[in-house]
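Take a look at the structures below.
Shared between the two complexes below is chain A, which pairs with chain B and chain C, respectively.
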Partner chain A sequence: MLLDIIQVLLFGLTIGAIYALVAVGLNLIFGVMNVLNVAHGDIAMLGAYLTYWFLVLFNVNPLISLLLIIAIFIPLGAAIYILLIRKIIHISSSVEEIIFSSLIIFFGLSIFIESSALLAWKADFRSIIYFEGMINLGGILLSEKTFIALLVALIGVFSFEVFLTRTYIGKAIRAISQNRVAAILMGIPVDRINTLSFGIGISLAGVGGVLLALIYPIYPALGVTWTMRGLTVCILGGLGSFTGALTGAFVMGIVESFGSYFIGTAWRDVISYLMLLLVLVLKPSGMFGKGV
Partner chain B sequence: MSELLLKKKENRYGITKSLLIVVVLVAIIVVVAGAVAFIMLTPQRPAKTEIVIGAAISLSGANVETASHQANAYRLFVKQVNEQGGIYVAEYGKKLPVRLVLYDDQSDASRSVSLFEKLITDDKVDFIVGPYSSTITFAVAPIAEKYKMVMLTPTAGSDKIYQQGWRYVFELWPLASSNPKSVVSFMKTRPDIKKVAVVNVAELLARSTAAAMKDALQKEGFEIVFEEEYPKGITDLRPMLSRIKTLNPDAVIAATFFEDNVLLVRQLREVGFNPKFLWTMVGFDQPEYIEALGKTAEGVCGWIVWHIKFEDLGYPGVREFYEAYMKEYGKRPFAEAATGYTALQILKQAIEKAGTLDNEKIRQVLLTEEFMTIIGKVKYNEQGINIYNVVYMGQIQNGKLEIVWPPELATAKIWYPKPEWAS
Partner chain C sequence: MKSSIYSWILALGCIVLLVAIIPFSSGYIQTFIFNTLMFLIFAASWNIFSGYSGYVSLGHVTFFGVGAYVAAFLITKAGLAPPISIIIGGLAASALAASIGGVVLRLRGAYFSIATFGLNEVFKTIAVNMQKAEGTLGIVVPPIPSRALSCYIALIIALITVLTTFFMERSRIGYALISIRADEKVAEGLGINTFKYKLIAYAIGSFFPGLLGGLFAWHAAYIDPHSVFTPFYSFYSMIFSIFGGVGTVLGPVIGTTILSIFQELLWARLSYLYLLIYGAAVAVIILYMPKGLLGAVKYVSSTLLSKKVR
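== the complex of A and B ==
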């Protein structure tokens, strides 16, 4: 029984780590710019396809692809910010206006990315077979790919945490999400920090995509599931908060796993959304949210 | 006086010249108007130059991966028919080319309903063919009924659709209730299978299949030790599969769709459980399945709706369809493509046999005649169910799909029990 519980806890942690990677990027973008990126899952889908193509065409190890994807997605994110978002932030007179306009833009971007992927790569399912080994830790089983996904997600999330707390740029990012006006008055180059934050947020989604490619079949409509998961986790943990996204993701993963195991998988969504509702009733801004 | 008399004499009939003109004009107008009215009011057969077939299908949204194959098959068939000059219609005494009107329902049932209504009332198509999936077909069928339009449904296998007393809906996809036939008949031959776990994804077809499986298994005395439905877009099946592992059933029956099928098989291996018999559903007979699972797929069983292997069963046109599809779209056809193609094969044969484009008469032909297609023989009963419907069971052996059941139609002997997971 104890072994079962440890096993289920491990399931929760591994799936939670992937949720965390997706949610942290989403929350970074929201925290800094009040922009709700509903195309986040679609960006992850692009990352998954790139991993697939790098492997199929050039036989690139997915872990190397991961580094390439970070290098590609930071400028991609910056470009999305400069082309689509910067103007909105400048002309909007209120936070609500930014949220609303960006929601429409990203909804459009989401459809654009999905439809382009459909045209470019057709609707077929694609999958990669990599890291197929099994790890047995004294009766507790884990596949190599899940273990690697867990490792990558943890390293990704915690190096991001170090970046946020220890570097000047990281501190500037936190300053802007805490108090935008004060940050401007203190001479923080908001526009540059926005661009960078966007790049980092998008690259985190791309890294998430690499992990998805290892575990799930890849197809153009893959994004929706992950945008929804990411948003739910962010709202649970508190929109705009790093700790919130992280805690929300692991809480969600673990509650889902135990719910599936002890109550039934059919109840997975009922349980997780009930938990979300409870948290919102008790604390409308989410577990670590900065007040609405 | 004499002048007046003279004038009267000239007009013997007592009609003045102006009156004569009026009378003649009126007569001309009456004749012309009558002729025009005659032409306009006479029911006249408009010169028919083409047969228009319409459908709404999921060209985007959640279903697009599989639905696009069905749409491709519609396009391919129409292209091929037109290359042969069209379909011969006796009532017009000639071959008429076919035009296909396809709309995108974005995988949304309510959108599909309004698009089908538009096809019938606005575009005035001669025939409709089914949309993608049981769920959407179920929503659209009342429209076919309302306008008395025959609808062959390539990808709607939920029994519920054919239990509504609908008269114009004709199925092609194996019914959920017929799925258990081959599976249970196989399991009965293995006395060491006693405990069974049945799971399904929350989709109409998968749910009906799981229900039919449980029903059939219980009737045959198998013990169902675990049953569960999991949501669409599931991200992790390991907790559920661990539960199954602790119950240690002999067989696992999984009514899946593609993504969760791959996830389920991968994660069964991950939790370290290898049942003696593992049956999965959608995705299993698709070429991408083996590519997705590699060696992990060895020994997994599943349904076959349509496969190139059918040419070994002697059905005509299987190889030709497969190669034409490959040539046209650069990829192998899914079963959805084959049943989509079959729908139009049957419609063409029915039009030729009926010699008319009248939906009521086509319906009569569908109910009385037998059709030979790339999925085998098709003959409908009053419910619109194909009485020859067989669901084959396949198994992945040495990286290839083989038909293993029913034994008289098998291309290879089944591997039982399932070999250990590849290490």
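== the complex of A and C ==
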């Protein structure tokens, strides 16, 4: 029984770590630009499929394609920002208008990505067969892929945290999300930082995609589900807050994992939503959000 | 004022034309009319709450799904007549909105959008699990006698939705919602019970997709969780409204009509690439017309005539 619980806890941590990667990217984009990226899950889906094809076609180790994906997705995100978002931010007169327009643009993008994926790769479920071994930690059985996913996600999230708090660019990003006008007045090149943040946010989603491809079967329509999970984590923790996204992700991962174990996997999304509602009733701005 | 009279005459003409051509059209055209009316009801009812108050709901389809399930359940299990079941379905959707609104309407901005987005996923999961317990995937409903009848019922629901918007805009509720969109804190400061009006409008706006859900169940003769809880419908409701112009009576109607025809032409010509082009088109359109079609028309005409056109 105790071993079971530790195992469930570890799996919850793994899911939580992947949620954290996806949600931290979403939160970065929202915090800096007030843009809700509803195509975030679809970007993760692209990352998952790229990993799959790198492995099947060129026999590339998923950990190496992870680095490739970071290298591909940063310019991709920057391009999305320059083509679609920059103009919206410039012409909108209020935060609500930016949210409004960005929702539609990213919904369009989400349909675009999903239907392209459907055309290119069909609706079949595919899974990556790699890291198939098991690790035995004194009676606790953990599959190698879960362990690797947990490790990579933790490294990813914490190196991002170091980037945010220790580097000049990271500090600029935080400055913009705290007070945009003041950041402009301090001479921070907002447009350039926006472009970069978008690239980083998108590449974090890509990394999340690589890890979810390791653990779950992938299919073109998985984007919506992951967007929803990412957004749920964000408001659970508080939009725009890094600590919030992180805590929210692990809380949700662990609660889902225990919920699935005790109540049933089928109710997983309901459990996380009810928890979300509970948190929002108690504190409408999420666990770490600024006041609404 | 004159231009609004013209647009009402034009709208009346369209309705008469529709009523006249429905019985004589082919099955294809009838299906097209039904689908367009369906999205029109979605967009117009989304506009009632979200368009006027500025609270972007991403879970509008939840009420459609709940209406569909309640109606289908009443028709098949309780043996009630379909029209009564449809109305009860609508009321159930409204009641759900009133109760869930107690929580989600306390949230603002993006928080509200995301909370409503998740709502749909929850009800889909509940429907899937309920069905699994029964060992079936969907509910088979005795079909509607004719396709023309479902078009007429959809037309009636659409008319009631638009008229409700028209009268609401001119009522206390409409003014309250518009003031909330402008600045909720100021509205509260002026003594408007914002929460009450939001809740009322949310319940009204959810009644119509509920009705529509019941009609859809009757029309399609079969529903399953994935066909009635499609998150895309929520997005379409929003896009069609915004494309036409939110917070206006006729905006969603115009937006839905134009985009549906565009969608149908695309689909008929390029069935494989249709969603791809559609997605790209939606993104590009909003880049150039962030205020929607009515907004763009107003802007163009006001700059051309260099005076405000009303």
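FYI, the second predicted complex is superposed on the first by the 284 of 292 C-alpha atoms of A that agree within 3 Å, B and C clash if a C-alpha of one lies under 4 Å from a C-alpha of the other, contacts with A are read in each partner's own complex, and residues count from 1 in each chain.
By definition in this document, a contact is a pair of C-beta atoms (placed from the backbone, for glycine too) under 8 Å apart; a residue touches a chain by one contact, two chains touch by 3 or more.
Just so we're clear, the structure is a prediction, and the values are computed from it rather than from any experiment.
Chain B and chain C, once both complexes are superposed via chain A, clash. Contacts of A:Thr243 after superposition on the shared chain: neither chain B nor chain C is touched. Once the two complexes are laid over each other on the shared chain, residue contacts for A:Ile235 go to chain C alone; chain B is not touched. Look at A:Ile105: by the touch rule set out above, it reaches chain C but stays clear of chain B.
Look at A:Ser115: by the touch rule set out above, it reaches both chain B and chain C. In the superposed pair of complexes, A:Lys87 makes contact with chain C only, with no contact to chain B. When both complexes are overlaid on chain A, the residue A:Asp269 reaches chain B and chain C alike. By the touch criterion defined above, A:Glu132 lies against chain B but remains apart from chain C after alignment on the C-alpha atoms of chain A. Only one of the chain C stretches 56-64, 164-172 or 218-226 carries C-alpha atoms that clash with chain B in the superposed arrangement, namely 218-226.
Overlap of the chain B and chain C interfaces on chain A: residues 114-115, 224-225, 228, 266, 268-269.
Remark: chain C residues 54, 56, 58, 103-104, 106-111, 113-115, 117-119, 121-122, 125-126, 128-129, 132, 231, 235, 238-239, 242, 272-273, 275-276, 278-284, 286-287, 290 touch chain A in the complex.
Taken together, the chain A residues at the contact with chain C in this complex read 30, 36, 84, 87-88, 91-92, 95-97, 99-101, 103-116, 119, 224-225, 228, 231-232, 234-235, 239, 266-270, 273-274, 276-277, 280-281, 284-286, 292.
Residue ranges on chain B touching chain A, taken from their complex, read 60-62, 64-66, 68, 202, 228-231, 233-240, 242-243, 246, 258-259, 262-263, 266, 269-272, 283, 286, 288, 291-296, 331, 422-423. Of all residues in chain A, those touching chain B in their complex are 4, 7-8, 11, 15, 18, 114-115, 118, 122-127, 129, 132, 134, 141-143, 146, 215-217, 219-221, 224-225, 228-229, 256-258, 260-261, 264-266, 268-269.
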